[in-house]
Every structure is written in structure tokens, then in C-alpha cells.
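Below is a structure I'd like to ask you about.
We just call them A, B, C, D, E, F, G and H in the order they show up, numbering each chain from 1.
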Amino acid sequence: MDGSQIETLLNEVRAGSASVAEALERLRHLPFEDLGFAKVDHHRALRTGMPEVIFAESKTPAQVAAIFAHMAKAGGNVLATRASREVFEAVYATESRAQFDETARAITLKQTEPVAGKGTIGVVCAGTSDLPVAEEAAVTARLMGNTVEVVADVGVAGLHRLLAQRETLQTARVLIVCAGMEGALPTVVGGLVNAPVIAVPTSVGYGASLGGVAALLGMLNTCAPNVSVVNIDNGFGAACIASLINHL
Amino acid sequence: MDGSQIETLLNEVRAGSASVAEALERLRHLPFEDLGFAKVDHHRALRTGMPEVIFAESKTPAQVAAIFAHMAKAGGNVLATRASREVFEAVYATESRAQFDETARAITLKQTEPVAGKGTIGVVCAGTSDLPVAEEAAVTARLMGNTVEVVADVGVAGLHRLLAQRETLQTARVLIVCAGMEGALPTVVGGLVNAPVIAVPTSVGYGASLGGVAALLGMLNTCAPNVSVVNIDNGFGAACIASLINHL
Amino acid sequence: MDGSQIETLLNEVRAGSASVAEALERLRHLPFEDLGFAKVDHHRALRTGMPEVIFAESKTPAQVAAIFAHMAKAGGNVLATRASREVFEAVYATESRAQFDETARAITLKQTEPVAGKGTIGVVCAGTSDLPVAEEAAVTARLMGNTVEVVADVGVAGLHRLLAQRETLQTARVLIVCAGMEGALPTVVGGLVNAPVIAVPTSVGYGASLGGVAALLGMLNTCAPNVSVVNIDNGFGAACIASLINHL
Amino acid sequence: MDGSQIETLLNEVRAGSASVAEALERLRHLPFEDLGFAKVDHHRALRTGMPEVIFAESKTPAQVAAIFAHMAKAGGNVLATRASREVFEAVYATESRAQFDETARAITLKQTEPVAGKGTIGVVCAGTSDLPVAEEAAVTARLMGNTVEVVADVGVAGLHRLLAQRETLQTARVLIVCAGMEGALPTVVGGLVNAPVIAVPTSVGYGASLGGVAALLGMLNTCAPNVSVVNIDNGFGAACIASLINHL
Amino acid sequence: MDGSQIETLLNEVRAGSASVAEALERLRHLPFEDLGFAKVDHHRALRTGMPEVIFAESKTPAQVAAIFAHMAKAGGNVLATRASREVFEAVYATESRAQFDETARAITLKQTEPVAGKGTIGVVCAGTSDLPVAEEAAVTARLMGNTVEVVADVGVAGLHRLLAQRETLQTARVLIVCAGMEGALPTVVGGLVNAPVIAVPTSVGYGASLGGVAALLGMLNTCAPNVSVVNIDNGFGAACIASLINHL
Amino acid sequence: MDGSQIETLLNEVRAGSASVAEALERLRHLPFEDLGFAKVDHHRALRTGMPEVIFAESKTPAQVAAIFAHMAKAGGNVLATRASREVFEAVYATESRAQFDETARAITLKQTEPVAGKGTIGVVCAGTSDLPVAEEAAVTARLMGNTVEVVADVGVAGLHRLLAQRETLQTARVLIVCAGMEGALPTVVGGLVNAPVIAVPTSVGYGASLGGVAALLGMLNTCAPNVSVVNIDNGFGAACIASLINHL
Amino acid sequence: MDGSQIETLLNEVRAGSASVAEALERLRHLPFEDLGFAKVDHHRALRTGMPEVIFAESKTPAQVAAIFAHMAKAGGNVLATRASREVFEAVYATESRAQFDETARAITLKQTEPVAGKGTIGVVCAGTSDLPVAEEAAVTARLMGNTVEVVADVGVAGLHRLLAQRETLQTARVLIVCAGMEGALPTVVGGLVNAPVIAVPTSVGYGASLGGVAALLGMLNTCAPNVSVVNIDNGFGAACIASLINHL
Amino acid sequence: MDGSQIETLLNEVRAGSASVAEALERLRHLPFEDLGFAKVDHHRALRTGMPEVIFAESKTPAQVAAIFAHMAKAGGNVLATRASREVFEAVYATESRAQFDETARAITLKQTEPVAGKGTIGVVCAGTSDLPVAEEAAVTARLMGNTVEVVADVGVAGLHRLLAQRETLQTARVLIVCAGMEGALPTVVGGLVNAPVIAVPTSVGYGASLGGVAALLGMLNTCAPNVSVVNIDNGFGAACIASLINHL
């Protein structure tokens, strides 16, 4: 029962062909989306340029290709994250406009121009091992209409490299900071800028890094008041939040 | 050595009373704040209306009162978090304009009008036990110049109460969602709105809540793409981030 | 806007004083409880005899007394869990019909006769230290209309005492089994009976019991296929589930 | 020494060929199953339609096939869980009536019609990644004589889809709810229905999901009073409990 | 129904006043202790000199005193562990023969002479902070009839003190080794002797000792093949096992 | 400097060719094994029949074969644990008397008859998945001169099978009990017997079994006073301790 | 048997009143300290100026006072850590030369001048809450003969303050860096200096700081190659290591 | 802008071609390395002989070979850690002077003679399984100009072997002690020597070793006051710290 069905019902009430009691009963049980609820999602997509997304990690190449093709037909932009080259090849066979960013492990298809964000999103990471997560964030943010500036190789044990990038950091409207091991980079960056910082712990490290948990705990205990945190390796989620903020 | 000292040095160079080599050496060792670094903090305060803050929990009433009085003299707004009534009485004895919000456990002194945020910050929590954390966030955000709307008692096991507040939720520019126990509220709220959601796990619960760790893990694993997380019970930090976003 | 308001609206539509478009708009935004949602809770109470409940642990005696009195006025049964004697005295001062079970730490007020459950609920525990949790379950279940049989002091390191109670266990329609330390009792009981077993880990123990986590893990790893688990020390929750099953 | 042996002994006592003292001694040492204990298991199978079960994960295809064939000879129904296609092929080679559900990773052989459950078991899950666990539950429950209704793709971050299934949820006699990541679905479902909910955390997720522990903790801390929990990915166990309840 | 009741039944069978079928039925349901099961416990007490035991930690002084007096009446030895001086005073008021070991936090009453163990039990600990656990073990073992030799203050960071006690260690028939912090002492002792070593982690330490978990993990990972482990601070349990071994 | 060197030194002192001061200095620095320390190990081997042991898991087949051959030359018994068939084949190529127990994953070479233990060692396990650990214990204990009785498939959720083995359990001089999942078997066995029980948690299980940690915690929290615990899957260590006790 | 006893023995050998065989036997069993082992400790104290130390936390004021007085008599320096003012008063009553540092919670008695360290030990901490740990390190290091420079209030979220102290940091011969919360300070300091850094996690923080475990993990995962770590809050231990290095 | 650029600027100021205000502005924004910051790293390399380092574990052979060749051109020494033979072959193909230590998993190229350390670094480990970590430390330390003495196979369960090496241990200027399992070796060594001990937990072990976490916790809780700890398996880091100390 959608909006027009409710309209029909009201018309029947007005015409007297449905009693008030009967209408009351039918209204009581109508599915929620009939109230226009589901359209929120659609509006969100239009307003923020959020693409359709596939988490490829636990799917076969054939499955990803099939979903990708299905989504592409709807005419919007499509993103597959955590994709291997093998997955890309399956996607490419059915959709030759798809593009692959190997570092970011991301397949993208851009069919429409998203609404542009208002400022720049800075994506910062410490070492080359954090790059896949940082690039996943960058690719996602760009597909959502944002200008992205990536600052790599600025670990906290070599402050001069980080400080040399101060200006770039301070002009970003919102920052995504990825770090593994001790996870201190978001705090240090948070102290240098006046913008919201989305911290992404990465699973980079060994031994007591506990698969990224050490970095995660470090970020949650930050003494910088402008840092919030997402799940380990979740570059995609960080980009969604940063894009939302950048479109405000 | 501050900015004027560098100016003096440069004037000496110009006048020839200091050699270039000598000036080079002195510049190499000058403290960083001489470069105007420390002023960033000052600018930040002006621009965002961030007050001076005291974390009262591990301090004696006398210590908090002394720091509070010292900060108050600077003329800006002052906030003490995690304060007991006993702490407030010590503060009040030296600064009678200070006000106490017992639920929020916060002492505030408002001396200047902060720059107003652009929209409303929604502060949402599930049960009455989460209220101290939610109110800490609300008090902090208000002192930073934001309009705050608190929505309480909307746990996910009784959706109708949450859905009845849908309109309030959807008009907020940014949301702070506090929840203990299973920590599911930020995800459900995140699915209802199109704004950034700052999730605050609370230490409310018992047994396997592990002092808020269960709620924290739940929030980090959210399937809503607009949710980021701060430390357990960190209402203050959530308010800082929300205020930053609301002033963009 | 409640059900009668919708009725009024429909009458206006029928009478022509409200247009269909206008009615459509108002319906789209009406709070969910207007659709009778909130009544589900009420129906649930009627059908299962679930009382109004207060978790007293983090509240002052005065707060519990106030809430208790307020709930009592509604005419149904009232239960306060995790209550000390001091709390009871505050409640008793305003509601002299309230009764206190010190072992269960529960205050009850029975004003109506709940629908009777169909069989017996067996509540089993190992040692005397588990009794508070077991009794919380027993008191709760009784207030919901169930016949309860408590079997105490039947630890798995002394099988003969447990086996001596086999008949009692096997006649229960559903069982609640509370155990701390190694948490093995639900598995052993589960193997002796053919009924659903609700396992409640207790925080009884020391050292590597980790506040009940050891017992919890033991129960989750049960090799008996009829055992499910609730939170540590959650006798109340176990009774709710057992009562639901016993009223099927 | 089985039942007939005790009978023989008693006959000897009656006939005087065994003294009372001697009989007393022999009785004292007789194995427990002689008392009819083992028959409980047999009765349980008859009454609940519980099939013979093989946990295939840590066994070779040849081992599973051999056990499966052995069990099949007994004439009852047989179920192998956590089975790969390779395992199925080995089973099929010896028992061509066996059937394979690839999503559920379950091999079934139905030789007898189990006693029918009284109502419907609802099996609910959030995403497609939770389907293997949900389907394991569904296949198991059906083989035990239950009518099962599967509701998939109803994550808590998109409430409208879940609410659209409200009626299906509310007509189930007992529900199994599978969820990974933040594990919030059982709580939300628990708040919508009046039936017992068996929550199954799944190992779906990454980073701070800790292999399903985050979802598990979320479920144990539920604020819905009708939710109990089984081990991570334990769809089979959830189905056993649900079937027991549905046969009450 | 006890042993004499079975005898009566058998006599009835013999006399013909009970049929074989009827006797079979009554035997099938008889409680297990009727088979002499419960007597095992009694025999155990006689053979090993195990006293009656009260874990005093979570009981009131009055409760402990009452149980102690009740047990004392049975004529055997009685032991209360984890007892404060206040508890002792309550016990002493009703049973003036009771004795208190303040370091061991143990109250003992010796009424009968237990069977003597065959060799010496060595009880070893590193620092004075481990003494309460070591003394609990020593007091328990002595009450069970063992000769005990306590070796204190022999931490692994000062090997010469430990090695000076080598002879004492090597003459013990079984050893109990208590250690907190890094928990290395049982491994080092295990390498010096040829006897079974029962390791007791203590909760002594701070920070990363995690309440004794660090010591526990260290002991479980021992590279000495003659070391097994009991729960944190469980001096009583270690003494039971050591006494069992010493009575073999 | 070995024993004969000390003898030579003493002879020099006696003959006057070394002064007392000089001898004192040389003695002060002599290596510890010169004092006969290393011989302890040798005596231990003779007395307890402990074989030479290789932990094969982290070594290549060639390495294991080389070490095995080297040890075999010394004339004693040799044991390699955690060995694959591939490793056995490498060992067999150089030492054709070596034997392989595939379930126990153990390679043995018996060249001498060890001193016989005094009683029987019972090795108990719940399911077939625990058999590799139980058999590792059994093979090790036999090679050390013990009579071993293995009792398998006696899980605590089917007590009648366990109770049927009561007599076997009660005649053992010491028991090794292996269990995964909830790890309750050692406690139940401990309550049935009067002998020391060495509990071995196994890594059998999934989800919340956490690789054997759940079983380990369960065993450490046992309420049976005759149970001590070794590391997860450490069948070898349990056998060493049991053999030591059985040779007392 | 001490050194002079060995001398006596050797004299007997020389004189012929003891045979070589007899001497060999007595030497084999002589306690290790006879070989001068225990003197190592004494030499260490002389060389490094290490004082006698009492860990006061788990001792009564009377106990600390008694031990302190006993140690003072030996003539060396004495240090009691984790001492309250109440403890100090008890110590002061018997030893009026004792001094108390309330922030460091340390009681000291300096009777001899320790050997001076070669350079300066820098003690760095982030916030005022870390000061007790930092001051414990400073007081300890000074009593061991080191020049100490304390740098406080230099958190990583405000780099300019830290960088302003660069010169002080770079002139230290070894650094002790204390930090709670995210524990990033040692890494940042480690990148600025060329000296060994001893990192001390503090238990400062709340929520996900887990009593200092988050800071500890952060420090262990440092990307600076000159940082090693001690236990949470272990300022004393850090000072011992730093002093050792500073005396090299 | 480097040092010479600042010099140019100052010359311009002196010459009057740049105003003081203009120079002030340019200085305020100059990147930090312009102040000679980056040179610290260079100086460090010269002074301590620290080589260029590649962490090879998460890189392809081709990537390592390319970076190695690039670093080799700079003329200094180069080290690649965690390298397989396959990685070495790729490196060797482009740089035939590179050498491979298979146990240490390290590739080295020595082009310059580092400044020699002042004493010996002792590298100690318990079993052969710890050798890769110990050898990584040894190879790294040697490339940094240190004399290294490796002491292997000295586990704490066989003290005589460790004590036999006492002299070697006591002559080292600083020690690196690697241990897995219970991680007790650094504490025991720490008690035998008077030098700083860097403890390296290794991931050697199984079950409750939790991938080296048990050893790590043991080392952090050491009762020896001269032990500090680095991350699990971090032989490289331990060598850097030891070399720093040895060059003081």
C-alpha cells in the first residue's frame, strides 16, 4: 500500500464507500514505507551524492559482477570496496566503463556528477602500509563529489615531515586520519587544526597491535577534543561522514 | 622569544648589528610558539566559542576552585566537568556567578556570548541512566553557542517512542547519541537521519556490558555509514565535535 | 494525536471539512503511537502478566519510592529489582502493601492476579552464593503468574545431589539454571531434561572467574542443544523469557 | 547389565537363588543406563523430531559420509551441518537420497515425518552475509517438523524495511534473529513482538567485530526482556531451542 | 529411599509381597544416593582427612559462626578460609576451641587426627605479599594431615636465595608454588625438582598484572613439564591436590 | 671444569701445589654444572622413564629427523609430538624402528623399558574432536611406563554414558581429563573420584570458545577441589605430571 | 656455610684432616651464596647508589615505619614508594630525618651521597594527572645520584608546548616519558631525540583507557626505534633503568 | 626552503631588499625542516651508525628490491628485516653485495664502517624457537657497530645452563633477552646482572600464550628493576635501543 493507496482510501471515506472505523483499521496496519519513509533513502542519495556500494570481501567475483551490473542499470554511481584484481576483471567483463584503483582496492563507475562538497577533505596517513585504507577513503570521498588532498608518510616519530604539511592540513574543512601501530597521528593532527577529524585505526602492525585494537584504543583515548573514531580499516565509513560534513 | 623578539632580531640584521650567521643560529633554536603557533589556540577559542575546561574528577574541591577562579579572570567562559556538589560549593565560594547542573555534573560560568552555531544539535539518549552523559554534552554544546534539543527515553526496544521523535531528529544539523548496554541507538538513529551522528557509549549496564565496552564495540561495528564514535562517557568530547560541525 | 484524533480527522474527511490532500499530509507525519503501536505494550502486559519494573541499583531510595508509588497507582503489579533494605523502607513508607524478599533483593506489590502459566518453571542453582540471582528469577516469575520450583545446592561436582532431583527437573515446562564459577550446571541439566533451559551466569567466583565472564563463556559453549543464555546475574530477564514460554 | 538383567536378578531373588545381600551389592554397581536413563534420549527424539546430527567442519568427507550412512540405517532423519559441496558429494555417493542446501551448508536426509510444531518459527537476519547462519537455523527447524518463515535484509539502520515485516514477525510463535556487526537486530525485533527471541550472533564483520564477539556482547546486554542468546554462528542450536518451544 | 529401603524391597520380592515388575519400577526411579553414592564423600573424608570447609568471604560473621558450629558438631575438623578477625570473633564466641591464623585468614578447629601424608609438602612463595595465599595453603595442608615446609622470599630476580633452599625443595614429595607479578617462580622451581608442582597465581601486582591474570598466563605457558595450575589466589585448592598426592 | 677437575684441584690443595686462597678463587667462579647440577636431569630420566622429547610443530621434517636420530643414538626412548605424517616419513627414513600414532600425532621410539608406574592413569575425553589431545597424553604416559586406560565420548550433556564408566574412573590412581567447548568434564569427573585430576582444555569449539580460552577458564574456576590445569591442548604436559604422580 | 667455611674446609684438606672425596661431597651441596653470589647485590648498591626500597601500597603505616627504621639503621639511603601522608607520619615518628614528597607519594631518607650519574635524566609528562608517576621517577632518580629535569604539561595535542622544550629534551642523556590516555608522547619525544626513551604508561584516563592498558599498547606499538616500556604507573622502575644507563 | 634559503633571506634583509615585516611573514610560514630539523635524522645516522631499514613483511619481493637498491645508492648501510629467501633473491639480483641471514630473516649491505659501540651487547634466548628474533637483534646490532655475544638455549626451567653463562652475561654492557611462553628469562637474567636488560617477548608458544601476549605481560610485571620491554618479536627495536645505550 503506497501513498496513492492511502489517497484512494481517503477518497473512499470522503465518498462514503468506506466507513471511518474501517479506514481506521486499515490505516493501523499499513506498512511504514507507505508513509513516505523509504523515500528518505532516495532523497539522501540525491542530496549527498552517495553511490550504491558493494562490500566485495566476502563475495565471489561472479556475485560482485552481477550486483555491480544490476546497480549500474539504475543510472547512479557505483562503488565496490575491498575488491581484488580478480574481482575487477569479472566486473569489467560486464561493465567496461568500471575503473579500478588497486591500492584502494576499489572499483568505481561514475555515471552522474554528484553535488560538490564545499571545501577540501584532507586524508592523512603515516606510512605506506596505511595507504590502502587512506586511498579507500579518498576514492569514496571523490565519488561523493568532494575535493580530496592526500598527505602520506607523516608519522608522529618524525614530526618535521608532518609540520611541513601544516598548511595543507589547516585548509581542509574536515580531515580523515588513518594510522596503525600506536594510532597517535589523529591526536597530533587534531591539535594542529581547527576542523573535525575522523580517525581510522588500521590493522597495520604486529604483536601487541592486536590487529588494530591498539590503534583503536589510542584514538578513543585521544586528548584532542575534535577527534571521533570509526571501525578498524573503515576508510569507506570515514569518507561517508566526512562527505556529509563537507556538504553541510 | 616572541614575535616581537624576532622582529628585533631582523631589525638588528638590517642594522648590521647582528650578522647573518648569528641570526641563522638564533632562529634555528627559537621556540615554536614564536612563530605564532600558540596563537592558533587563541584563534580557535574566538572562532568556535570553546570555553576553558577543567576535568574535575581527579582533583580536590580546592584545586578546582583555584583553577576555575584563575580561568575566570581571563574573561572567557569556563566549564568544569565531572564535578560533584561539593566541588561546586568550593567553586561558588570564590566565584558566585558560577552555575551548577547536577545531572550533567557540570559547573559553568558564562562571561561572553559565543558565536552561534548554524543549526540545532540533537542530543539523544535511551534511558534515564544515560542522562548524565547526555546532559554533559548538552551543557557543553550550549556554552559553545549551540541550540540544543534533548530527546530522552527512546530505547531501541520500544521503537514507537523513537519514531514519534522522528521530526526532531531529522531537523538537527548534527546529532549526539548516548547509549549504554547494547549501544544500538546510534545505528538506528543514523538510519533515520541524514546528518552526522556522534555516538557516545555510556558505562551504563552490568555483567557483560564490561563498563561500556560492549556498547563501544556495538557502535564501532555500526552498519550506518554516518556514525563515528568517542570514548565511553565522553559527552564533553562529543559536544566539541558537534559544535565544530555546527559552526562550519 | 491519538487514535481518536485520527478518527476525528477521518470524520472531517467524510464530512468534507478536510480535503484528501490535507488529510494525506497530516497522516504522513503523525506519530507512530497514533497507529496503536504503543498499545502493543499494554496488550503484552495483560496477556503475560508482566509487571511494571524498576531497576533500583543506580537509583536513590527516594527515587525508587516515587517511581514505585506512581506505578502502583496504575493498578497493575509492580516489581523493583536489585533493591536494598534501605530502598524497601523508603518504598514501604509510601506503599505499605509492598513486600520485600531480602535474598532476591526484590520489592513486589501484587494488585491483580496475572494469567496463570501452563506448567512449572524450575529454577536451579549450584551454591548458596547463586541464590540471590535464582531468587530474583523466582520472585519475578511468580509475580508473572507462574508456579515456580526452586532447586538449590546441586553443583556439578556432586552429581548425586543433582540426580536426586531428576524428577523435579524433568517435570518442569521450562528451566532457569543459575551458576557462577565454571558455569557447567546448565549443560548438565540440559542433558537431563527435554525442556528449554535458560542459563544465567552469575558473578560468583574470584580470580579467573572475571566477574562471571568465565561462567558466561562456558554456557555459550554448551554442548547441550537446549540451552540459551542471558546476561550475567540477569535473573529478571531469565524469568521474563521463561514466563513467556510457560504462557504459550 | 540392562533392564532384562535386573529382571533376571529380581527373579533370582524371588526364587531364592540370589540372596538379598548379594542382590544389593550387584544393584549398587550397576551402570546407570540400566535404570532406563539412556531411553530418555530415545524418547526425546520421538517427541521432538530431533534428527541425528553430524558437525562436519572438522571431519574429512570420507568420515562424514561413513557416519551419515551409519546414521541413515537407523531409519530416522539425518542432518550434517557446516558441510562443503565436497563433503556433500562424498555423502551423496553412498546415500543418494541426501539433499544439500549450499547456503545453509547443510546436508539432510528425511526418512520420517517429524511431529509438527504448533506455530511458525520466524528466522530473521540483517544482511546477506548472515544468511548462511539463518539458513542453517531454517533447515534444522524444518527437519524438526516446524513451519519456518525467513525474513532477510532487515538491518536496523533501515527501519522501514523491518517495520514492513511487522505482521510476519508478530505472528511467529518464536523467533530466531541472526545478526553480525553491532548485533542490534534481536533487541529491536524483541521490542516489536511478544514471543521469545533466540538471538544468534554471527561472525560477520571486520576489525572491532572481533569475530562476532561485539555482536555477542550487544545481544547479552539487550534491553528487551524476551531475548536469550546462543554461541556465535550457532544457527543449529537456536533451531533446536526454537523447535522445543514450538512443540510445547 | 536409602540402602535399607532397597534391602526391604528385595526382602519383599523374596517374600513374594512385591512382584518383580513392581520392584523393577521402583528401582528405576530411586534416587541415586540410595545406591551408596553419597557415601563416597564420607569415605573420602575418612581416607584423606579432608575437613569440612566454609568459604567465608561473601558471608556475614553470624552466618559463618552458625555454619561453623553446625559443622563442628559432626565431630570432624573444620576450616573457614578468607576469614577476617571480625569473622573469627563471631566464630570464637560459639566455639572457643577454634583457632585463627591471621596471615592465612583461616579459622581452624581440629577435633580428630587426620591420616598422615607420606612425605613433606613444600610451600614456596616469592614475596611477603604472596604470604596470605601461601599460608592458606599451608594451614589447609596441615589440617589434612601433612607435614608442611614453607619457603618464603625466594623471588626469581634473586636466584641465590632460591638456590640456597635447593635441598629443602628437592626433599619435598610435592610442591605448592605461589607467585604474583610475572609468575615465573613455579617454572624455575619446577626445573630444580623432580616432584609435581602445583602453581598458584596470586593477585599481587599492579597495572598490567591484571589482577593475577599475567601470573596465571605465565604459569600456564611454563616450559617445565611438572607444573599444573589452579585459580588465582586459590591456596586452599592447591593444598587439597597436594594432600591427595601426598596420601597416595 | 667438571667434577674430576674439582677433584684435581682438591688434590693440588692437599699436595700443597695450590694455595687455599687460590683454590678459593677458582671455586668461586666454577660453572654450576660442575657441582653435579646437570646430573639431576639424568637421574630424573632414569627414575621416571621420561623420554627425550621433540616439539615437532614448528620444525621442518628434515630437522625433526636429524634431532630424532641424534637422540636415538643415546639409547633412551624418544618422542616427537605434534608430528604430521610427512614428518614421520622423514624420521622413518633414518630410523626405521620409529612408530607413528596418527591420532596422537606422535612418533615414538622405545629402546629401553621404563620403570613401571604404580597404578593406572585414566585419560578421559568428551568428544571425538578431543581425541588427538587425549591420545597425545596416552602415548606419552605409556612411553613413561604407565598403564593407561582411555575413556572417550563421555560428555557432560549425556551423564549416563559418563556414569557407566564410573568404576573405571574410580580405580585410576590419577586422571587426565581433556575437554573443549565449556570445559566442564574435569569438574564432573573430579566430583566422582578421589584421585588428582589433571585438566587439559582443548581448542575444540567455535565462536565464543576463543580457541580454548573458554574451556580453560571453566577449568580454573572448577568447584571440585582435586583439579589442576595445564595449557590448552597440552596433552604431553598432563602426561608428564600424571606419570610423576603415578611413580610416587 | 660462608666463604670462611670453605676456607676452613680447604685448610682441612691441605692439613689432611678431610679427604678429597669428603670435601668434594660437601662442596657439591654448599649453598650458592657461599660462592659470593649474594655479594653481587651489595656491590650493585655501592656502584649505582640504589637505595633500599619499600613498596608501601599494601602495607600498614606501622609496618612501613618498622621496615623503614630497620633499613635506615644499615646506613644507606631509604625510599618508600606509594606512600600516603598517614604512612609518612608513622615513619616520621620513628625517623625524623625522613622527608615526604606528596605528589610523588614518596618518603626518602638520604644518609650517603650516591655516585653521580654522567648526564641529565629528562622526565617528561603530558598532563597534571601524570605528575605523581613522573615525580615518583624523579625522586627515585635523584636519590640514585642523578640530575633530573622535569618537563610537564606537554601533551601531543598541543605540539608547540612540546617543541618549545626541544632543547631540554635533546640535552638529556636518557629520558623517562610518562603518559596516560592514548600514550603517544613517548613516540613523539622519541622522534625528537637521539637518546634512549623509557616509556611509562599511566593509569590516567577513563572508559576505553582500561586502567592504562590503552596507553601501554600504544607505547609497545611505537614507531620510534628508541623507546622501551615498563609496567603501568611504574615510575620507580623507569628511574632504576634510566639511572643504570646514566651511570654507564 | 632550506638553510641556505633562510641565509639568502637574511642577506636580503641586511641588504634592505626585503623589509623586516616581509621577512617576519615568510619566516612564520617556513616549513620546519628549514630550521635544520630534518638534519637531526642525518646526524643521528652518523653518530649511531643506524642503517637505512626496510620492514619487508608486507611488501612484494620486487618492492623490497627496488627500495633496497635506492637506499644502497645513498652509500650507507642497508637492512631489510622479516625477509624470506624469495625476497633476498630479488634483492640479490639488483645488488649482489647484499647478504642474507636465513635464521634472522635479514638482508644486510654494509658499505661503511659504523662507529663502534663501547662494550658488548649480550643477546640471550631460551629455546631454538626464539632464535629468529634473537638473531634479528644480533644482526641489527652488529650492523650498527656493536660487538654481540649470543647466548642460546638457557631456559629458566634448567637454571644450570643459564648459570654456566653467568660470566658472559655479567660482562655485557647491555643485554637483549628474548623469550616466549612464560617470558620469565629477562627477570632471571635481570637479577644476575647489573646492566640494563631489554626484554623481547616472542610469539613462540601455543594455547594460552595468546601469540606472545602471555610473555609480554610476564615481562611487564617483572620484579627485576632493570628490565624494560619492547613489542612482541621486535628484535630490531631492541637492538636499536641497546646500540644507543652501548654508544653512550
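Note that a contact is a pair of C-beta atoms (placed from the backbone, for glycine too) under 8 Å apart; a residue touches a chain by one contact, two chains touch by 3 or more.
Predicted model only: the values in this text are computed from it and were never measured.
J.: Taking touch as defined above, what minimum step count separates chain A and chain F?
T.: 2
J.: Which chains sit in contact with both members of the pair chain D and chain H?
T.: In this structure, the chains that contact chain H and also chain D are A, B, E, F.
J.: Hey, what chains does chain C share as contacts with chain E?
T.: Where chain C and chain E share a partner, that partner set is D, F.
J.: E-F versus D-F: which interface comes out with more C-beta contact pairs?
T.: E-F
J.: Can you name the chain that lies farthest from chain H, using the mean of each chain's Cα atoms as its centre?
T.: Between chain H and the rest, the longest centre separation is with C.
J.: Greatest Cα-centroid separation from chain G: which chain?
T.: Most distant chain from chain G: D.
J.: Mind checking the centre-to-centre distance between chain B and chain C? Centres are C-alpha means, answer in whole Å.
T.: Averaging C-alpha atoms per chain gives centres 38 Å apart.
J.: Can you check how far apart chain A and chain E are, centre to centre, with Cα atoms defining each centre and the answer in Å?
T.: 59
J.: I need the residues of chain B touching at least two other chains; which ones are they?
T.: 40, 158-159, 163, 192, 207-209, 213, 216, 220-222, 231-232
J.: Applying that definition of touch, give me each pair of chains that meets it.
T.: A-B, A-C, A-D, A-G, A-H, B-C, B-D, B-G, B-H, C-D, C-E, C-F, D-E, D-F, E-F, E-G, E-H, F-G, F-H, G-H
J.: Which of the residues in chain H end up touching chain G in this complex?
T.: Going by the criterion above, the answer is residues 40, 43-44, 47-48, 50, 173, 192, 194-196, 198, 216, 220-222, 225-232, 236-238, 240-241, 244-245, 248.
J.: Which bits of chain E are touching chain H when the two form their complex?
T.: Per the touch definition, chain E meets chain H at residues 126-127, 155-159, 163, 180-184, 187-188, 190-192, 205, 207-210, 213-215, 217-224.
J.: In the complex formed with chain B, which residues of chain C make contact?
T.: Listed in rising order, the residues of chain C that touch chain B are 29, 31-33, 37-38, 40-41, 57-58, 201, 203, 211-213, 216, 231-234.
J.: In their complex, what parts of chain C are in touch with chain E?
T.: 129, 158-161, 163-164, 167, 204, 206-209
J.: What residues of chain E sit close enough to touch chain D in their complex?
T.: For this pair, the touching residues of chain E are 3, 6-7, 10-11, 13-14, 16, 20, 23-24, 27-28, 35-36.
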